[in-house]
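Okay, so chain A shows up in both of these, paired with chain B first and chain C after.
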Partner chain A sequence: MTQAQLHAHDTSAMASPRRGEAGTQRRSGHIGLGVLKSAGPIVSLLAMILVFASLTPNFVSVANLQAILESAAVPAVVAIGMTFVLVQGSIDLSGEGVASLANILLSILIANSVTANDLGAGAIGVVLATGLAIGALNGTLYAYLRMPSLIVTLAMWLITLGLAALLFPSRQPQILDSGFVGLALHKHLGLSALVYLAVALAFVAFIVERRTKLGRIGFAIGADEALVRLAGVNVNAYKVGAFAICGCLTGLGGILTAAQIGVGNPLAGEGLLFPGIAACVIGGTLLSGGRGGVLHSLVGVLVLVTLRNGLVQTGANPLLQKAIEGMVIVVAVAASTWHLRRKTRVVK
Partner chain B sequence: MSALLSLQNISKRFPGVLALDEIDMELREHEVLGLIGQNGSGKSTLMKIIGGLHQPSAGEMRLRGSPVRFGSPLEAARAGIGLVHQEQSLIGNLTVAENLFIDKPTDFSRFGFYRRGRMNDAARIQLDKVELDVAPDTPVDQLTFAQRQMVELAKVLSLEELVEGHLVVLFDEPTSVLTPTEIQALFRQVRRLKMRSSVVFISHRMDEVLAISDRVYVLSDGRNVAERAKGETDPDELYELMVGRQRAGSVLPRNNPPDKSAPKRLAVRDLTVPGKVEDVTFDVASGEIVGLIGVQGSGAEAVCRAIFGVEDSHSGHIEYEGRPVRVSCPSGAVGLGIGYVPAERKAEAMMKGMSVCQNMTVTFGSDYGYGGLLLSKRRERREAANWVERLKIKTPSLDHRIDQLSGGNQQKAVLSKWLLGRSLRLLVLDHPTRGLDPGARADLFNAIRQLAEDGLSIVFVGDTLDEMVTLSDTILVLRDGRLSQRFDDVQTQRPSEEDIVRAMV
Partner chain C sequence: MTPALARMFPSIRSVGDLLRACGPAIVLLLVFATVIWIAPGILKWRAINALLFDAAPLLILVIGSTLPVLLGCIDLSAAAMASFSAVVVALLVPEFGSAAVPLVLVGAAGIGAAQGWLIGRLQIPSFVMTLGTLGLFSGLALYLSNASTVALGPEVAPLDFLGGRTHGVPNAFLAVVAVWIFLSLLLRFTRVGRDIYAFGASELAAYMSGVRRDLIRSCAFAISSVCAALGGMMLLSQTLYSAPTMASNLLLPALVGVVAGGTAISGGVGGLSASLIGGLTAIMVRVGATIAGLPGAAQDVAFGIIILVAVAVTTDRTKIGIVK
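On to the complex of A and B.
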C-alpha cells in the first residue's frame, strides 16, 4: 500500500447527519409498513381515538365512525391533490376559490332551480376541466414565468373567488338532478358514494405517486430541483402537471360539496385550505418537498377529522374548540416530524 | 491511434477571471489521459466544458473529427461523453436505479408507468460493473459517500449500452474520497473502459495519475504548460511543472513546541457518540495541534462534531479551560471560543453565492461593530482584508463570490471566518485539505502552524499519514470508535507510518 493510497477515510455518512444510516440496505419503495416513514401520525391518530373513546362511549359507535369517514371524504380529495404540489416543494393556496368556483359552476350547469341548463354528467366534466385548466395556469405562471407559487396561487384564490361571485345568479340555485344529489344521500353499507370515490382516488393517486414518472420525478424535484434540471428532465412540465392534478382534484372537492349541500354557494370552498395543507403536514409531507406522500396525507386528514368530531362528541366548549384544535395540530406535527429532528436540519 | 476528441484554442472567461487561456488538447482512442494542475488551474472548468456544463468563450471542440458544441450535459451524454462529478449529482430520495437512468432515454416506462422490474435488472448490470453490492431499489440517501461515488460512476458507465462507438469518460478527482480498495476497483473499471472508450482522469495524487494514465497534460493558470508520455516522466518532474520552479509545498518547522505543563485548553473524558464513538479520552494543550486519524467508520469525524455540538447526542465529560462544559449546539461552542471547519466545504462550510467578505464576517462581524448591536461595514472589511493578506487568499476582491475561488482559497476564506474571532481558542478542522492541491495544502498548513505558534489549539482529522506527521504535535489513532493508540511529540520523534497504520486497522 503506498502512502498516497492510504488515506484515512472519511465517513461522511457518519459525519453528516443529512445522510441516514450508513450501509443499511433495506428494501423500500414497496407497499408495506415501510410506506409510512414514521409511526408518528398513526400513533397520534390512535392516541386521539383512545382518548375520545374513554371520554364518551358514543365515539366508537358504528354510526359515528361512518360520520367521521363521511366528513373526511372531501378534505381527503383536496389533500391528495395538494400532496402532489407539496412534494415538489411548491404550494397551492388557491383551493378555496377553485372549489367555490367549481361549486357554483356545477350548480348552474346541472339541472337546477335558476338557469335552464341541464348538462347532467357533462356538467361534472366541464367543471373538472375548469379545475384542471386553472391548476395548469397556476403551474405555468409559476414554472415558466418563475413567480413564487405562494403568490401566484394566492392571487388565483382571489380571482376564482371573484369569478364565483360573478357567476352566482340572482337567486341561490337548488340542484334538482336527483342522481347527483344522491351521490351524497344514498348509502351503501352505511357510506355514501363520496367515501368510496375518495378511497378509489387515494388508491389511484398512490399508484401514480409510486409508479409513474410524474410521481417519482415530483419527489426528485422536491429534493433537489437543480440536479433534476441538470439531468435533462423537463422540470417545468412536471410542475404544471402537479398543479393541474391539484386544481382538478380541488374542483372535484367543490363538486362533491355541491352534492352534499344540494345548492350552489359562492363560499362553498371556505375552510378547505387549512385542513388540506395541515393534513399533509400532520401526515409527514414536508412543505420543503421531497418527503411524504398520498398515504401520509390521508392519515393527516383522518387525524384532523377525528379531532373535530371528537371535540363535538365529548361536548368540549364550542368557544374553545378552535383553540384546542390548533393545539392538538401543533402536537401532531411535532410527533410526525420527530424522527427528522437534527441539529443542523433547516426547517422553513 | 486517431484523435477522438480534440480541443483547439479553447478559452473560458468568467467575470473578472480568465479561467482557460487557449487550451489545446487531444484525446486519442483507447487512451487514459491524466490531467494535473493546482487548484484554480482550470482543470475542472475544462472538464465542465467538455461535459456540456459550460460553453467555451472561444475555440473549437471536435468529436470524431466534426465540430461540436454542447448546450447541456444531456447533449454531451447523447454524444457519448459522460462526466463523473466531483460534486455529486445524485438525488437522495430516488432509488439507485432511478438515479442511474434519470438522464437517459430508456424504455422503462409504458404510458408513463414505470416497469420497475426491468429498470432494476438493468441497474443491476451497471452496479455489477462497479462491483457495488447494493439493491437497485435502495434510496440513494441510505448509501455511504463512497457508495454514492460508485453509483455516480455506474451512471456514466451505463452510457456504454446507449451510445454507439467510442465513449469519452471524464473523471474529476474521483479518488479523493475513496478507500484504497475502492480506488483499486475504480482503476480496474478505467482499464476495462479503455476497450471502447477514452478517459480523462484528474487527481491531485501524482502516483495515481502516473499509475493509470498513458499520457499526462499539466495545466497551470489556465494554460497548457506541458505534455508528457507515461514513460518519460516521474512524479517529481510533474510536480515541478505544476507548481513552477519554486519548491512550494514545504511546511515550516515547528519553532516552539506547546507547553504541556500549562493548563489544558480542552480535556475530553469518556466521550461517547451513540453508534460512532466510545469512551474516547484526550487532552489538548494551548497551542497544541492534535491530529485524529482512522479508517472509514473510525469515528474521528464524530469526535470533532461532538466537540462543536453538532452531533445529535453525545455523553461524557468535557472540560474547557479547566471548567466542565456541556456543548449542545454550535452557537454554544462559538460562545466558548471553539470554531469548526466541516469536511464538506461546499455543503456545510461556505455560503455559496455570497461574497468572500460576507462569508468571512458572518460569525464574528459584530465584534467589529458598535456595542454588539450596530455593524460597521468599514471595520469588518478592514479585518477581512487583513486576513486575506495574512493567509494570501487569492481573490479579485473582497466582494468576489466565494464559490468562484479555487478550492484552496475557499478553504482559507472559511478558516478566516473563525480567525476573525478575538475570543477563539480552539479550532476543530474536519478533513481540512480535502480537494486541495499540494501547493494549497502547504499554504494552509503553514497558516495553521503559525496560528498554533500564536497559542491557538487545533484538533484536526487528516486525510493522509503524511499530513499527520507533518502537522501534528500529537497523533491520536481511532479504530472502530475507540482510541487505539497515541503518539506524543510527533515533531521531535516521528513515528513510522507503519506504526500508525498498524494502529488504524
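On to the complex of A and C.
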C-alpha cells in the first residue's frame, strides 16, 4: 500500500466536512459526548473567561469586552483567509509580508503626507487586488509547479517583506484620508467599523465554505486529495482559489492595520502569522486538512486574544506572556483534538 | 552512464535525475561564482576564514533542523532554543564554571526529546508543538535574563575553544564539520538513522514494520535541540554576552538552508550534505548581496526568488505523491 492509500484507509470513515462529529458519535455512542468533544474550543474559551473574571472583576466590564473584540478584528480577518488554505492541508506563511506590503502600499496610494497620490477608495481596491494576485501566484507556484506550499509561501514572505521595505518612502507616510482612519476611530455601539466588517466577513466566508463548490471541495481536497483528483475535479484551480482568498484577506488585514495605526509601517504585519495559524489550530482546524472551518478559527482567535487581554488584566509578568501563550497553544490544541486520537493516526 | 556508476547511484537514471541531484551544488557554485565576480577579494584566506567563523552558528542550526524535516516534521523552536540556551549558560557560568556548557547541552537534549515524545503522545502536529515551544523558550529567555543582556564570565574553557582557532581554522567551523560527519554516519549506518528515513518516507508503513515512532521522533528532535544549543554557544563565544533574542533572526535562514539543499519538507528525501550545501548557499546569497551593496530589503527579495528557483529546479517530484 502506498502512503496515500494507507491515509485514505485511515480516514475513509469520515468523508464529509462534518465527519468529525459523526465519527465520534458513532464510536462513543453518546450524542451528548460527541457534541461536548467537538465543542472543546468553545468550552476552553468560556473556562478562560470564567477564570479571568474571577481573578479581576474588571475583566468582564463592557469596556474590556469591547477592547477584546477590537483587538480580535484584524487577526480574525487574517485567520478566516488562512482557514481556506488550511482545510486543504496546505499552509500559507506569507501573511506577515503580504499584510506589511498591503499596509505600505495603501498608505502611499491614499491621501498621505509624503506622496501626492490620492486614490481614495480606489487605493483599497488596488491593494486588495495586489493581495489577491500574490495569493494566486502562491497557489499557482504550489499547485502547478508542485512545490510544497510551505516553501513557496516562505519565499513569498521574504519577497513581500522586502518589497514593503523597498516601497517605504524616505519619511513615514501619515494617512490623511479622514474617512479611512475613521473606520477605526468612529464607534457605533462602542465598536468600530472594523469589528462589524470582520463579523460580516465571517458570515460571508461561512456561506462560501458551506454552500459553494470552492468551500466544499476545499474540505474534500484536505480529506483525500487523490480521491478528489480521481473524481475528475480540477484540484489545482481550487487550490489557487483558496490561496487567492487567503492573499486577499491578508491584504485586507494589512489595510485594517493601516486604519488602526494611521501610518504606513513596513513591519505592520509583524506578529500576524504565527498567532493566526495558532488561532486556526486551537479552534480545531487541522493542519493536515479536511476538518475545521471559519467558525472554528474565529473561536481560536477569541481564545488567543482573550488570553492576551486576560494576562495583562491580571498583571502577569509581561516577559512571561509569550511563554504562557506557547503553553496554552500546545495544551489547547491537544485538548481540542484529543477525540481524534488513534494508534495509526499520522501527525506530522 | 556506465553500469558501475549506475550501480553506485541507483536513483540516478537519466540526465534529468543527474541535474536534479547536483542542482543544489550547481546553485551554490553559481552563487559563489557571482560573489567572486562582484568581489574577488572573497577568495583571500582571511575573508574565507572570517566567513566560516561567522557562518558556523547558522550552519549548525541548518544541520540540526534537517533531522525533523527528514521525518516530515518541522522544528520551529530551534532558533529560540539557541537564544534560550545561550542565556542559561551565561546565567549558570558564575555558579558552575565550564560545566555549565555540557549541562545545558544535556538539558537541551532532554527538552528536545520531550518535545518529540509529546508530539506523538499528544498527537499534535510538530508545527504546533514547536510553535508553542518557540513561544515558551523565547518567553523564558526574556524572563530569566530580565530582557537584557547577560555578560559572560571570564575563562569558560569550552566557549574559549569555540571562539578560538586551530591552525588558523575557526574551531566553531571544525565543530560543525565534526557534527556533520558524526550525524551523517549515524543516519547512514545505524538503525536509528535508517528508521528516520523510513519514518519520513511513510510513517504508517514504518510503524507497522516495528519502527518505534516515539523513540525515533524523540531522537530527531533531541538532536535538533542539541545542535540549536550548540549554535547558541557559538554565538555566545563570538559576542561574549547573551541576549534573549540573539538567535531569533536565524529561524528563517535555517529553514531556507534545509530546503534550498533539496531536502523535501514532506520527509524521507535529502540529507545532511544537502543541508550543508543549502546552508552555505543561504550564507553566500547574504554575503554577495551585502558586498554588492544591495539594501537589506532588496536582499530579502533576491533571497526569496532564489529559494523559489532553487526548490523548483531541485525538488525530486517522483518520490512525492501529493504535495501539500
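In the analysis below, the second predicted complex is superposed on the first by the 311 of 348 C-alpha atoms of A that agree within 3 Å, B and C clash if a C-alpha of one lies under 4 Å from a C-alpha of the other, contacts with A are read in each partner's own complex, and residues count from 1 in each chain.
In the analysis below, contacts are C-beta pairs under 8 Å (C-beta built on N, C-alpha and C of every residue); 3 or more make two chains touch, one makes a residue touch a chain.
Quantities reported herein were computed from a predicted structural model and do not represent experimental measurements.
After overlaying the two complexes on the shared chain, residue contacts for A:L230 are found with chain B alone; chain C is out of touch. Of the two partner chains placed by the overlay, only chain C lies in contact with A:L163; chain B stays clear of it. By the touch criterion defined above, A:L319 lies against chain C but remains apart from chain B after alignment on the C-alpha atoms of chain A. Once the two complexes are laid over each other on the shared chain, residue contacts for A:G290 go to chain B alone; chain C is not touched. Contact with chain B, but none with chain C, is seen for A:L214 once the two complexes are overlaid on the shared chain. Residues common to the contacts of chain A with chain B and with chain C across the two structures: 1-4, 6-7, 10, 341, 344. Those residues of chain C lying in contact with chain A across their complex are 71-74, 118-120, 122-129, 131-140, 142-143, 146-147, 201-205, 207, 252, 255-256, 259, 264-267, 295-305, 307-308, 311-312, 315, 317, 320-324.
On chain A, the positions that touch chain B within their shared complex are 1-30, 207, 211-214, 216, 219-220, 222-224, 227-228, 230-233, 290-291, 341-344.
Those residues of chain B that touch chain A in the shared complex are 53, 72-74, 77, 89-95, 98, 102-103, 109, 112-114, 116, 134-135, 137-139, 141-147, 177, 179-180, 183, 205-208, 276, 293-302, 304-305, 309-312, 329-330, 343-344, 347-348, 430-431, 434, 461-466, 468, 497, 501, 504. Looking at the complex, you find that chain A touches chain C at residues 1-4, 6-7, 10, 89-91, 141-142, 145-152, 154-159, 161-166, 225-226, 266, 274, 277-278, 281, 286-289, 317, 319-327, 329-330, 333-334, 337, 340-341, 344-348.
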